[in-house]
Amino acid sequence: MKDLQNQLVTWRRDFHKHPELGFMEMRTASIVADQLEKLGFEIQLGREVMHPDFCMGKPDEETTARHIEWAKAHGAVENYLPYFEEGYTGVVGILDTGTPGPTVAFRVDMDALPVYESEDENHFPNQNHFRSVNHNMHACGHDVHTTIGLGLAVLLSESADALRGRIKLIFQPAEEGVRGARSMVEAGVADDVDYFIASHIGLNVPFNHFIASNNGFLASSKIDVAFKGVASHAGGHPEEGKNAMLAAASTILNLHSIPRHSEGATRINVGEIHAGSGRNIIPDSAELKVEIRGATTELNEYMKEYAEKVIEGAAVMHQVEHEITLAGEAISSKGSPELAEIMHQSAENVGLTSEFENNSAAGSEDATYFMEAVQKRGGYATYCIFGTDLAAGHHNEKFDVREDSMMSSVQVLFEAAKSLTSE
Amino acid sequence: MKDLQNQLVTWRRDFHKHPELGFMEMRTASIVADQLEKLGFEIQLGREVMHPDFCMGKPDEETTARHIEWAKAHGAVENYLPYFEEGYTGVVGILDTGTPGPTVAFRVDMDALPVYESEDENHFPNQNHFRSVNHNMHACGHDVHTTIGLGLAVLLSESADALRGRIKLIFQPAEEGVRGARSMVEAGVADDVDYFIASHIGLNVPFNHFIASNNGFLASSKIDVAFKGVASHAGGHPEEGKNAMLAAASTILNLHSIPRHSEGATRINVGEIHAGSGRNIIPDSAELKVEIRGATTELNEYMKEYAEKVIEGAAVMHQVEHEITLAGEAISSKGSPELAEIMHQSAENVGLTSEFENNSAAGSEDATYFMEAVQKRGGYATYCIFGTDLAAGHHNEKFDVREDSMMSSVQVLFEAAKSLTSE
Amino acid sequence: MKDLQNQLVTWRRDFHKHPELGFMEMRTASIVADQLEKLGFEIQLGREVMHPDFCMGKPDEETTARHIEWAKAHGAVENYLPYFEEGYTGVVGILDTGTPGPTVAFRVDMDALPVYESEDENHFPNQNHFRSVNHNMHACGHDVHTTIGLGLAVLLSESADALRGRIKLIFQPAEEGVRGARSMVEAGVADDVDYFIASHIGLNVPFNHFIASNNGFLASSKIDVAFKGVASHAGGHPEEGKNAMLAAASTILNLHSIPRHSEGATRINVGEIHAGSGRNIIPDSAELKVEIRGATTELNEYMKEYAEKVIEGAAVMHQVEHEITLAGEAISSKGSPELAEIMHQSAENVGLTSEFENNSAAGSEDATYFMEAVQKRGGYATYCIFGTDLAAGHHNEKFDVREDSMMSSVQVLFEAAKSLTSE
Amino acid sequence: MKDLQNQLVTWRRDFHKHPELGFMEMRTASIVADQLEKLGFEIQLGREVMHPDFCMGKPDEETTARHIEWAKAHGAVENYLPYFEEGYTGVVGILDTGTPGPTVAFRVDMDALPVYESEDENHFPNQNHFRSVNHNMHACGHDVHTTIGLGLAVLLSESADALRGRIKLIFQPAEEGVRGARSMVEAGVADDVDYFIASHIGLNVPFNHFIASNNGFLASSKIDVAFKGVASHAGGHPEEGKNAMLAAASTILNLHSIPRHSEGATRINVGEIHAGSGRNIIPDSAELKVEIRGATTELNEYMKEYAEKVIEGAAVMHQVEHEITLAGEAISSKGSPELAEIMHQSAENVGLTSEFENNSAAGSEDATYFMEAVQKRGGYATYCIFGTDLAAGHHNEKFDVREDSMMSSVQVLFEAAKSLTSE
C-alpha cells in the first residue's frame, strides 16, 4: 500500500511536470498505454477509440507534428507514439476477468491548460521540483486523474481473480473545452458499458469528502464564427467592399440580446473577436469565439439554434459569407441513483464523508456524453467528486491539490469496482 | 388678358381652399376635366392614364370612399367623379391641331399636404378668405400649378389655329411622396411625347426669375417595412415569442451603417418606427418608414439594394417575417439642353431673368419618370422653375406665393408651346 | 350566512359591471368607504393614506377629471368623491376593539384592466347581465377581492366584541402595473401593523384549495424612457438633427444584451417603441416602455441600474436628452412562516385543502412593499392564494371565477383575524 | 547635368533599397543631413524641427531603439544619429543668400510603407538589384521625393549667388498615416515661410504632365479607441464583469450610423477590432482602429466630434473606461492661385504639360498643415504633382516610377525657386 502511495506521487509529479494540451497528450498516453499493458490490460489506442469526425477544436497538423517531437524529447514511450501521432490520443485499458458479469467503466482525463505555472517559491510543485517544463500547466488536476486511473489499474490487476465481468479504464483526451469525449462515444467506447463512473478532484469539495452524484453540469456549445467579406479602400471605394465587421458587431449585440428562456439558466458570451486588416480598409474578415450554456441540453439548444439564426442573418445583412464551427460541446446529465448509492457506500467504506447528491450549477463536462450513451442502453452512470484542499482555484497558476487525496480516491473506485462485479 | 389674370386668381383660391391629398384629388380633377372639355380639349381620365400596379402609397378603399363624399359636398363636378372614385385621379387634356407636328407635353401636379394651415390673421389666404376648409393645405404650390395648367389651356385653345402637332396637358396626382408619376408613365402617357416640360413654382428662385433646366433632383425610394413576429408574455415565456422589435432595432442601426458610396451623395433615414403592443409582451410587430436618396438613380439603387439585404437579414436573425412596400420612388434626371434653350428664350421673351441651368441638390421629383421615358424614345425633356417671393418655406403652414407670378408663368409655357409647334 | 353570500354576489357583480382603472377607482372607493362607515369602521381616505410622490404611472389630470364625471353618472356615493377626485383612491377601514392587542391588516385591491370584455353569450357575466358597461374589465378578479374585503368587514363588525386589538382593512388602488401599494406604505399605512395578510384569487390554484404563503413573486421595475433630440430635414440637412431613434435602437439592443446574473432569473423587455414624426425627418423623439424583472429585489436592481446606464450612454452617443420615469415597481418577498402557519390552520378549519408554501415563479405584486415594511418593524406578513376554477386565464377577455369561492375566502380571513386577536 | 541625373538615380536606388517606416527614418535622415551640410546648407535636426507633443502614432521606444541598430548596420552616417535616436527624424536645410528677399520652402517626405516588395523578376528594382533589403518598401515614391529634395539642393547650391532671400528644404518624416507634418509646424518650421511648395510624384498624372495646384485632399483623423472593462467568468459570474466588447460593438454600429453631412463627402471606417481574452471570459478589453475623412476640415470635424460622443456613450452604457488616441490627422487645403501660377509657368518653362488646378477627391496629406500655417501668416502655398508612368498603383508591392521623371521635377522646383527669389 505504501508502495502504491509512493508510485502515485511519482506518476503525478511526472505528469504534472510534462503537461500536454488536448489532442496532444502523446507523452502521457504512451506512458499510460505502457503501464496498462504491463499490468495485463488489453489496450485500445488512438483511432480505435476515437471517431475523427467528432474531435472538436483539434489543433492543426503542424502544431500536432511539432508536439510529437517535444514528446519524443521528453520521455514518451516511443513504440506507442505511432498510434497517437495524428492527435488521436485516447487510451482504453480492458481487464476481462473471463467470468460472466457486467462491464464497468471508469473515465479519467489527461489534458492540461495553456496556463503559465507560478514561479512563486512557495508553490508546492516549485518546492518539490516538478513545476511544468513548458508553458502549459496541469491547473485542473487532470494529472491527478490520470494517476488515479493508473493506481486503480494496479489494484484491479492484483485482484483480478476476485472480480467478474469486464473493467474498462478510459483515459480521455481534451476534456478542457469539452472537446474529446464525444469522439470516444461515437467510436463505440461506451457501447458495452453497464456501469459508468466519471470523477473529478477538487471542485470546492473539502478534503476527505465525497460527492456520489454531481448533477449540476451545464450543457454547453463552444462555437467559432468566421465572416468573410470583401476588402476595399475605405476612403476611395467603400461601396466595393463587403463589411465583415458590421456583420460581426450586429452578431455580438444580437447574440447577447436573445430573449432568455423561462425554464432555467442560460448563458451566452462572445469572448473574442478579431476583425479587419487595416485602418483604412473595409474589413473583409471577422472571427468570433462564442460560448453558449444552458442548465439543460434543451436550454442550450434553444440558445444555440437562435444564435445560428443571428449569425446567418448578420451575414445576409452585409452580404458576407459565414461559417460556424463547433469547437466544443457538452450536454447536461442526471446521475443514476442506483449507481450513486453504490459509490456513496464505497466512499463511506473507505472512511470518507459522502454526500449522495449535489445539484448546484457548475461548469460543463463532456463525460456527460458517456453518461447519456450508457443510460440510453439501460446502463447506469454517475459523476463523482473527490474532495481535497486546494492551494488556489481551478485554472489558477497556483492551483494544487493534496497528494494524499489520491490514495483514498483510488480506493473508492476500487471498492466500487469490487462491489459492482464481485457479486 | 386682365380677364385671364382674374380667372387664374379665382381658380387658384378655389383650389387652395379645397386641398386634397394624393390619389384623392377628386374635386380638383373633376373641375380640371370640366374646364378642359369646355375649352375643346379631348380628355383622358382615371385608369386610362394611370396604371394601378404603379400607384405607390395609395390610401385604402375606406379613406378613398370617405373622401368622395367630401368632394361631392364641396363642389366637385359630379359627372366626372365615376372616373376618379377609386382614387385614380389623373387627367390628361389633348389639343390636336390637326396639322402634322410634334407632340408637346406640359406636366403640372394637383395634390396637397397634410399640414394644418396657419390661422395667423396676417396669412394672406386668411385675409382673403380662402384658407383651407379642411385639415390639409396647399403648402407646396400645387394649387398654383393646376391653375397655371388651366391658364395655359385657355391660351392654347384661343390660338389653336396658329399651332401644329399636338399639345398634351398632364395633370398628375400624388407628386408629394413621389408616388403618382410612374403610374401615368406606365399607362403610356409619355409614349407619344416629343417635348416634355415639367415645372414648379418657388424653390427659392426669386420673383421674375426663371430656371430653364433644374437638374439637382435626387433619386429617392420611400419604403415601408413591416416585421411580423409572435407575441408572448415577456416575464412568463419569453422563449415563445419572436421579437419583431429586436429585428427592427438591428435594422435601424444597420441601415444607417451602410458604407456610403464614393461617387456622390446618398441619404438614408428611418423616419418613424412603431413597434410592440404592451410593456410586458414580446413585440410581435414593428413598422418602419424609411427614406433613401441618391444623387443619381444608381446611387439610390445601391442604397436600396443594401437596405433590402439589411431588412431581410434582420428578419432571419430573429426569425420573424418581413414585408417591404415601396411607398414612393423617383429617379434623377438631366434636362435636354436643346429644350432648355427654348425654355430659356421663352422666358426672356416674356421678360423674366432666366438662368439656363441649376444643378444644386434639391429634393426629389417624380416628373423625372416622364423625363426618362421621353428621352429614352429620342425626345427632349426639361424641368423648369418659376421664381416667386415666398411668405414661408415649402411645406410650412404659412407658405404662400405671389399670385402675380402665375400669369407670367402661363405666358412662358405658352411661348414655348408656340415656338415648339408653330414652326 | 346566506344573506352575506347573496350580498357578496351583489357587490361583486356591481363592481364587475363598473370596472375602473388604477388611480381612478372613485366609484368603487366611494362605495367601499360608505359600507365601511356604515359597519362602524373608522375610515381614512385619499391623501391621508397615499403619498403623492410615490404614485407611479398615475393618469393625467384631464383623464382623472373625466372619469370623476363617469363615476358620478354611474352610481358613486357622491359625498366621498371629494376625497378621491385627484386620483388618490385608497381607502383604509379601522376597527378598534378598544382592548389591547395586536394590529392585524388585510389588503385587497380594487382596480380593473383596459381589456374589452367578451361579448360571447356563454360568458357568465353576459348571461347574468353584469358585463362591463365601459371598455375596461375586471379580468384579474379585483372585483372579487374588493367584495371579499367588504364581506370580511361584515363578519368583523358582527364579532367585534370577541376580538382584541385593531383590524385594518386596506383597499389599495392600482395594483395592476404594481403602481399603488408603495404610496400607501410611504403614507404610513403599514407603520402600526403587526400582522399583514395580502391575498389573491385564482392564479391557477384549484377550487377549494389554498396557499398559505406564496413566495414566487418577481421583483419588477417598469420604466418609461423618452429621448428628445432635434428634428431636421433628412434629405436636406441631416447634420442639423439630433437623432433620437438611433439612441433608442441602441438602447433596445443593449438593454437586451445586459449580461445576465448568475444568481437567478432576470428578465428585460422593451415592449413598445414609438419614434419619429415623418419619413423624411430626422426623428426628434423616441418613447420606449420597458419592463425589468428579477427573482429577487437585488437581481432586479442589478438589471435596472445597468439599464439606466445603457439609456444614459445611448443619449450621450447621439447627443439627445433622456428622461426615465418609473411607471411601476415591486419587490420580491418571503412570507413569515409563523403567520403562514396560522393562515394554513385557518384554511383547514374552513375545510379548504391548504398548501403551506409555493415558490414557483409568478408575476409581480406590490403588496410586497407592505410585507417588507411590516417585517422590517418586526411584524409578520404573508401572501395567500384562494383557489377557484377559472373560465379563462388572468387578463383574458373571458376571465371569470366561481362566485362560491368568495364566501370561503371571507371565512378564512375571518378565522385568521380571530385567531390572531382573540387570544 | 548628366552627372546630377546619375546622382539622382544613385540616391534613389539607395533609399529604395533601405526603406524606413515613419519616425524611424534615421538612416535616410542622416544621409540627407550629411549631403545638405556638404552643399553648404545650414541644417536643423530632430527635436529642433519637431514638437514631441504632436508626433502622432509614433512607435514605442523599444521599436525605435531596435531600428537605430539596423540603421547603423546599414550605412547610416553615424555622427548625425544622436539627433535622431529618439525617433525625431526631421531635417531642415537652409540656404541663406544673405541678400534680402522672401523665404521659400520646399517640402519632401522620406518614409516607407510596411509592404513586402514584390519578388517578381520583372519588377524593375529586382532587375536592377535595388529591391528592399527588409520587409518594408518605398511603395509610394517617397524615396524619389527625398532624392528630388537633394537634387534641388545641388542646383540651389550651385546658383546661390543668383538668388535672394532664403530657401528652406524640409525633409519630413511620417507622412504615411498623416502623422509627421504637424509636429514640424508646431516646432515653428513654417513660421518664417513666405512661399511653400509641397509636391508628390505619380497620383495617376501621366509622364511629363504636371499639376500646379492639387486641391482635392480630404481632411482626415485616424483615431485609436481602447475600451477597458473588467473580466469575469462568463458562465459563473457574468455580472461581475464589465463587458468592453459590447461597448465596442455598439461603437462600431453607431459610428457607421452617424447621419452624413449635407455639405460634402464624409467617410468613417472601423478598420480593425481586437477584443477579449478567451471564449468563456467577459471581455475586459477592446481596441479599435478608426479612420474618419471629410471633404473639408469642417466636415471631418463634424464626424470626429460625433464619433467621440459615440465612443463616450458606449463606455457609459457598459460602465467601462475608454481612451481615444489620435494616431494621425490631416486637414484639407486650397492652394494659393498666385503661387500656383508661378509653378504652372515653371513647369511649362521646363517643357512639361501643366494643368493649373485639379480638385478631384484624393487621399489625405499632412503637408496641408504647412499650407494652412503659411497662408494664415499671409504667405502663399501650393501642392504640386509630378506626373510619371506607374508600374502599379501606389502602395502596391510592384509600385515603381520612371526614374527619368526625377530630373525634370528637380528642374521645375529650381525654376520656381529662381522665379520667386531672383527678382
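Per-chain numbering from 1; labels A, B, C and D assigned in written order.
Just so we're on the same page, contacts are C-beta pairs under 8 Å (C-beta built on N, C-alpha and C of every residue); 3 or more make two chains touch, one makes a residue touch a chain.
The structure displayed is predicted, hence computed values, not measured ones.
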{"item": "Chain located farthest away, centre of chain B as origin (C-alpha)", "value": "A"}
{"item": "Between the pairs B-D and A-B, the one where more C-beta pairs touch", "value": "A-B"}
{"item": "Whole-Å gap between the CA centroids of chain B and chain D", "value": "51"}
{"item": "Geometric centre distance via CA averages, chain B-chain A, whole Å", "value": "69"}
{"item": "Contacts with 2+ other chains: residues of chain B", "value": "234, 236, 238, 246, 250, 253-254, 256-257, 259-260, 262, 267, 269, 282"}
{"item": "Touching residues (chain side chain A, partner chain D) in the complex", "value": "218, 220, 222, 234-236, 238, 245-246, 248-250, 252-253, 256, 267, 269-283, 286, 289-291, 293, 327, 363-364"}
{"item": "Touching residues on chain B, where the partner in the complex is chain D", "value": "253-254, 256-260, 262, 265-267, 269, 361"}
{"item": "Interfacial residue positions of chain D with respect to chain C in the complex", "value": "234, 236-239, 241, 243, 246, 250, 253-254, 257, 259-263, 282, 302, 306, 309-310, 312-319"}
